[in-house]
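Labels run A, B and C following the written order; every chain starts at residue 1.
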Amino acid sequence: MQQAISTRHLLGIKNITAQDIELILETAKSFKEVINRPIKKVPSLRDITIANLFFENSTRTRLSFELAEKRLSADTINFTSSGSSVKKGETLLDTVNNILAMKVDMVVMRHSSPGAPHFLSDKIKANIVNAGDGTHEHPTQALLDSFSMQERLGDLAGKRIAIIGDITHSRVALSNIFCLQKLGAEVAVCGPTTLIPKYLHTLGVKRFDTVGEALRWCDVANVLRIQLERQQLKFFPSLREYSLYYGITKKMLDELDKEIIVMHPGPINRGVELSSDAADSGHSIILDQVENGVAVRMAVMYLLAQKN
Amino acid sequence: MQQAISTRHLLGIKNITAQDIELILETAKSFKEVINRPIKKVPSLRDITIANLFFENSTRTRLSFELAEKRLSADTINFTSSGSSVKKGETLLDTVNNILAMKVDMVVMRHSSPGAPHFLSDKIKANIVNAGDGTHEHPTQALLDSFSMQERLGDLAGKRIAIIGDITHSRVALSNIFCLQKLGAEVAVCGPTTLIPKYLHTLGVKRFDTVGEALRWCDVANVLRIQLERQQLKFFPSLREYSLYYGITKKMLDELDKEIIVMHPGPINRGVELSSDAADSGHSIILDQVENGVAVRMAVMYLLAQKN
Amino acid sequence: MQQAISTRHLLGIKNITAQDIELILETAKSFKEVINRPIKKVPSLRDITIANLFFENSTRTRLSFELAEKRLSADTINFTSSGSSVKKGETLLDTVNNILAMKVDMVVMRHSSPGAPHFLSDKIKANIVNAGDGTHEHPTQALLDSFSMQERLGDLAGKRIAIIGDITHSRVALSNIFCLQKLGAEVAVCGPTTLIPKYLHTLGVKRFDTVGEALRWCDVANVLRIQLERQQLKFFPSLREYSLYYGITKKMLDELDKEIIVMHPGPINRGVELSSDAADSGHSIILDQVENGVAVRMAVMYLLAQKN
């Protein structure tokens, strides 16, 4: 396997190679061992300063990155847009350049505009990690999802993954599709017609109309969150309706004639896209995903820092 | 004295033993020496990660815990509910489990619902420190109050402590009553009838109708805050009225034929429950309480971490 | 040069000596070398705890101080007024005394009331650094501005600096005037009559009515921000009008028969007080200012900590 990553930034999964993905996942294995030791820290990034620029809120992603940075012994500064110069009419480039002028080596960035980290990547010297750009990509989520599947299934080549729910508004879905296909897996989606983008078939993604079909086909069901706070119920009649037609219960999983894995990027709406008994069942690897997130993010930041 | 604490969590004072309380207070003495040295840090919790989960705001308690954690060399992550997944409809258990999946060893938690930390304590592996649960308990406040009284009075057995003010809405009052009684002190309360819970006499707590009587009886007056932002003046006619009947002034303290100690958990409403001259007088040990808070919290976290 | 600073606090530029200013700027030079090394940290303040008390929001100043503190290996705690005891009616002195009782050695403080840090300075034992008090002073900004000018121009004695824009509402302007005059420079202001305070001529400050005259006179143009969020357009007819009469463009700079330097404390309103091409031109040292801010703040905190 190659020893160094071939990119200075992790902007998305679309433009990185399968080799880079494999290197990240392999490196994450070592870091997972580190964070399960009594002494969970390594001095790898001791002289690196990382700025976490969250122009959009995200508790779990921010905490996961922060912990990954601490485990790597990096120095961190946190910027959240509330109460910042963004409100005073400053451009994104000026805000970021100001932070970089303070000698920051790496930027972890969440932004509501698709393409915001790509826009910056030509213009700044620091490494950029995209921690979610609008409805576009969320590459570290896709990497931790693939890592978690590999832990259970080994090589993902030929494995079947169904992504179920709101595909249109999900950066998790798009990054997962790219990542899984590069690792040789087959990907399908399932959800209300109004929440499946029309261009998906051009990516070679199957589509199922009912959850039953999707579950019978797949090895892994990656269930997405209905974003209550964004939807205002415009894309389907009601949550009760959604839950009835697309919600997954333990009973449905138990009745399959094979064992499948259930994943969810969190936070779960219990009783909407996933019943409580399904989320807490042996099928679910949801908390593994969270644990693996720290190891995968350590791997990404460690590898990118070598490219400075 | 015993060498180890007998509990994995500090959920409240009600359910811990007098021996545990004494061990915490004794340990806090050593830590108070540490934080008064030029080098204020010890490496005791160097490999421990502590999550401060403040689902309710609290500047002084959060800062005190954070400083205690830094003095112990722990790694910390901070979570406040504003802008978090809580708003997205996630359950408390899911939020906490997610944070714990990131390999967190100890949780310091403030929550507006009484019993929230108790609910979690059966379900999670990390140590839990209750940093205030609704109007129920605030155990580290009670411990630092007892520590501060001991510094002045020595053994508290037989000493008389009057808690004055809004007892009903105060987690400080309840934890103080349990703590002081376990240490052998006599406790009384004093305040408007509407702010004294009826069940208190079942706990063996005396009651005084006037502040004058309470002050003549006690060795220590622990004056509680009128929570302006919560009360909306429903429980007494006006602040002026409250201050007239229950406010404590330096004159009142000077006219007693003995020396008593005045305490307050802060933030003080100067001129309401306590006059400025009383708060700043030699009777007051209010700033000692704040200083001791850091030492007591260091002791609690240090002792609990031994139980992992 | 003297070896120690003669003050325990940096409350403003008005009351410190030219010798102290020169010592800070000289010390900042060494720290600028430090932060440009691969290993950007020094252990200078390893046993010092610094509280950043931002009663008013400020992304860039807060991040700059935080990074300076981390580079010096200090322990830091952050307090922002949102969600704090300030809302619960506590006095400023009580809030600060509480934080200091937790054994804090230095306070970096931004407050909306002019004089707030001066008020505290007689009453508390910690060193105080004023990080901006209302429209009064912002001493570290003035120091970093002078540092950045010296890097380009050497000794500032006899140099001509024009401060252009909203002088009345700018703490940057006042601190700059004091600092530059103590270093022997000539200072002029330029802006709409409604935004120039009447008392300025008593300080020996020139005044220009048009930007053209100011630019022809000066070696350095320090362009201030129109504070869109504060002005509500009360002091001039419209932004378009302001930009037409007081905005600076690259064309204006290129047409001068000499080289001048353009500075801005940020955040820039591109196209209002400064055109994009001027801000990004070779005339501009705006990002140098940001970089130098960290070094200058390190110098200030390092020197004050020696006075404990």
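Keep in mind that, in the parts below, contacts are C-beta pairs under 8 Å (C-beta built on N, C-alpha and C of every residue); 3 or more make two chains touch, one makes a residue touch a chain.
Since we're looking at a predicted model, the values are computed, not measured.
**Q** Suppose a student superposes the Cα atoms of chain A on chain C; what rotation angle should they report, nearest 5 degrees?
**A** 120
**Q** Same or different for chain B and chain C, where same means more than half of the interface numbers show up on both copies?
**A** The interface of chain B with chain C is built from mostly unshared positions.
**Q** Between chain B and chain C, tell me the centre distance in angstrom, where each centre is the average of that chain's C-alpha atoms.
**A** 40
**Q** Mark out which residues of chain B touch at least two other chains, giving numbers and ranges.
**A** Expected reply: no residues.
**Q** For a test of understanding, state which residues of chain B touch chain A in their complex under the given definition.
**A** 47, 49, 75, 77, 79, 83-85, 87-91, 94-95, 97-99, 101-103
**Q** Given the complex with chain C, which residues does chain B contribute to the contact?
**A** 35-36, 38-41, 57, 59-60, 63-64, 66-67, 70, 80, 82, 227-229, 266-270, 287-288, 290-291, 293-294
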